[in-house]
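The structure appears right after this line, and notes come after that.
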């Protein structure tokens, strides 16, 4: 069988490493190149000793990679840099999956406002598919550019979008309280990711409407609802490596059980969404090291809001697992290939 | 100086151990007795090796302790058992601080409903002071029975009570999302506290209106507001030993800055409440191993709710530290004695 | 393709769960039955919610499983029980992999002494192969009974056996200092595995010559050396879920570099042993969630001992990964099947 | 009472913070100044939010601090810088406790070899007392300069020195295998202290005879034995904030019980050393947040080495707690002041 040739930009980030891990055992994939700004010319397993024998590729710089051929190129570069380095591949008709935010926000001026930078490639914003297969499978399959969603966005949108899109169901006063492992903050050195600072600690940050995933979530919720939707979002860092748990409060004209039914129906054929009963709420442990998003709905009654609980592994369904799911869709491979168990 | 003689029932729980730790270095306290249902006749440092040389007392059974004299008796026994074993001390006029829920709920029928048991001593419910010194300092000073608040209740009530009690300020649609360390679940063996289950995990439990601290929080919030207040409460377990962070959402006719001012004024002279600016939100690390409750308020605008963030060490301000603070008040000692830094 | 039918006794232990996880995605395997003493008639994903959609089998009791057919039966039952429940399968000629200690110790009297119980099936001790493929691949391939090694034994033996077996090389004064994650203590509730006790702690236990893996390691080291070998062994529990790191001190007539060469040669074709240079010593992170054993050798000079460092994931190469490796060998499958990356 | 005025150089390191924490509640101490190279002119609680209300001092630069008066100055600066910035205080007759290695090694050429730098103040090496009170209490009391021992050195020397110094007892073939929490690596950002790298990991480093504490430990062991003593030392990082556990192997002409007796006698009057029976070996949890060093001895028999196990909190008895103990001795205060429980 001819293998699909894969290139990865930003391959030494945590999401990059997770991509390499998945693709190294993906039966239909082979590496065309791995690139890294910070570590060009080093071997991959010299950066990540655990990858010895799993991936021994020599790293290229993004510039050296620019001329290489591939069937699909992933980018784990930071925003702005990502669209810049993906441009030559897109121009040659190579399918790309961008794990940065560069192609997520349809409105270039909103991008500029939230990301404090002019969009590097505004002409291509319109053609990018938002890489949430449960909502945009067809668009992803046809797209040249797939904008892989943010980790928090994936976790918060999956329980809400089918309710927002459901005729006759109203969803209001949305508050998402998310708890994330430390890998969500990346591999860059910073005091808040120092072991002694993060361990035995829980820290809120960017609460309210200041986190960049707010604009992305509101865009997708508004599209689903066919009307402008606003939310409050509070991310927190908890002392674990990976995983996000979101506890989402909202007002609704349905009961928790009815919402769960709507979600069950919407996700009946989805390989990576699991609905749970309220007596068995999602946990991070339940999804860690898998590509699943687990969801349940409870609460309500006595004038109180409903509570959706959802969980993903931020490096898998929240990033690299979903990116490979998107690649599988774009290249006509089996959607679950390389992502089982 | 004559030392205050202290008895502790349930002294081999985590809150019991923390009491022993504080009181062993409290300059005005000495142990009259330490009791334990599960470990009578063992030495305290045989149960907790780390207490060797700190506390070498021999444990009594609660029944053997019943006839002992003391100036103050703490109980860390489970509810129902606690009021039962405290009764002989109360009858003899000894001041007691009950860390169980037995004297927190003024309404015996509400107690019966939430705790699935008839109240063991309903006649004394009325005289018990709710042991939140920032609100009931005078009542605690005069009381024979102090009902030490629940850990979540302390963390959630301290930011809300002054706002609820403030004339002209309305607080509505209260949702408290709390994240707790594992010691909050006690020292009893259960699968959810097994290291491998709790580590690298975040789990919601008893979300909505099912956790027993809801009845206690609603009682105190209603008393402060002078009207019935209802709430949604979602506790979560996170992989750390100690500490609670609460992210509290509410609708209010004040801005975050105005709420912070109300709290600053209410707590201006409080030794154990610290107000923080929104750019420096409370964290668990900020209060761990201290008796502080840290509080800030942020959010709001664009029709969104305000967000109060509060943090306590569940074993100190959330339990044993506050219990000693209450004892200091009841016995006329300096309120901060034994609780510094 | 006809699938290999697998039975698992003790399938709700941590090693049982890991077996189920591996075999659920093993391309050549299918479940004949999963059994559990404690949870008969429950669904597997009712015990482990994270296995929903991965393994929904209904559990049998070991007795009900006894009559079932299978191509290979694994046992994760405790010692003594394990040989007892495996007996009917062995009698019918079904290949078995025993993860308990029952078939590891060739000498039934030594077994009785160390395991405080008469051996339940001494007549079959002689025919069991010790399941360390790197040393006994041929015997395992021919055996009806495979005694899967202990987790510590795997980690300590892999660096030492080739040196002990090497003509002209003498290895003496062996001290193995091992650090293990908490899953090594199993899923049974005990205070030492309580999160609050194990977290932020490091504890030695059974140090010297008291841990049961000593008899197993000395048996295999003596067989390799052709002479009686004795050792000191100090296991420790550290606050992580999985993984063992062993720091092994020994006197040798070779330098560290020479020992590393001997190991490189011995393991040149081994798929699951990786030799590392002394400047890149093994770590737990380097092998976690893989079936690798990483090894290096350093130290010596100035009359000081050599130091071998080795690491395994206690649930994979130290237990269930190695068990599947053994199954693959016994059934003529590709040895690495189901164990990649 | 006149308070002892304290200055601290390097006060924003982890050991500096711990010093501030202890001294802020030390009944006889008050701050003359806190200095920091990296954060001059900031408030202390701006660097460490948890210190709000505990220590609100404004930080000086080390140069600005140089002219300040004090009764005792601590330095937590890195080696070489430390002796440099302490010099003006020493010159004015102010007692200093140096937590760096600058005054630990008596031999300036050995210092130069191990620390890759000329000693900044060799003329004063001879007068410095090695700050292990259990061995040098008298010298510390008389000294102007106290060289506070390394954290590993404290943990390894306390169990060994009385045996090495004991007439008729021979101690040979010493191997110390130490496991440390991450705070031992300091607050400086580095990949190995990144939460995601350190969590769920155990890593050996500088094993054999390459760690700088080797020269310090060998100096003190040789002095105690009256003969040159050599050792092998293997430090490891484990995923916890604080604490060191050392498992120390040695050949001895005494049994474990006899060694324990020698230690019991040597430390009979020591407030911060606790001897434990072999069935209750020291653990990190047993000493965390205390100034204790816990010690036991076991092993031996059948030609095997003895095993001493010792544990300290690396930030307390291994650094700042011991530093305050030394200050108490130097200034004639009660030795345990500020260090209880």
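Order of writing sets the labels: A, B, C and D. Residues in every chain begin at 1.
Quick note on the criterion: a residue touches a chain if its C-beta (ideal position, glycine included) is under 8 Å from a C-beta of that chain, and two chains touch if they have at least 3 such contacts.
Predicted, not measured: the structure shown is a model, and the values here were computed from it.
*Asks:* Going by more than half of the contact pairs matching by residue number, which of C-D, A-D or B-D reproduces the interface of B-C?
*Replies:* A-D
*Asks:* Hey, which pair has more contacts between C-betas, A-B or A-D?
*Replies:* Contact tally favours A-B.
*Asks:* With centres defined as the mean C-alpha position, give me the subunit A-subunit C separation in Å.
*Replies:* Comparing mean C-alpha positions, subunit C is 37 Å from subunit A.
*Asks:* Could you work out how far the Cα centre of subunit A sits from that of subunit B, in whole Å?
*Replies:* 39
*Asks:* Distance between subunit A and subunit D based on Cα centroids, please, to the nearest Å.
*Replies:* Computed value for the inter-centroid distance: 46 Å.
*Asks:* Quick check on subunit B: which residues sit in contact with 2+ other chains?
*Replies:* Expected reply: 199-200, 239-241, 283, 285, 288.
*Asks:* Give every residue of subunit B touching subunit A within the complex, in rising order.
*Replies:* Listed in rising order, the residues are 173, 175, 177, 179, 181, 197, 199-205, 207-209, 230-232, 234, 236, 238-243, 245, 247, 249, 281-285, 288, 298-305, 307, 309, 311.
*Asks:* Which part of subunit C faces subunit A closely enough to touch in the complex?
*Replies:* Per the stated touch rule, the residues are 21, 24-25, 49-50, 52-54, 200, 274, 276, 280, 283, 285-290, 292, 340-341.
*Asks:* Spell out the part of subunit A that touches subunit D in their complex, as residue ranges.
*Replies:* Those residues of subunit A that touch subunit D are 14, 181-183, 187, 189-191, 193-200, 239-241.
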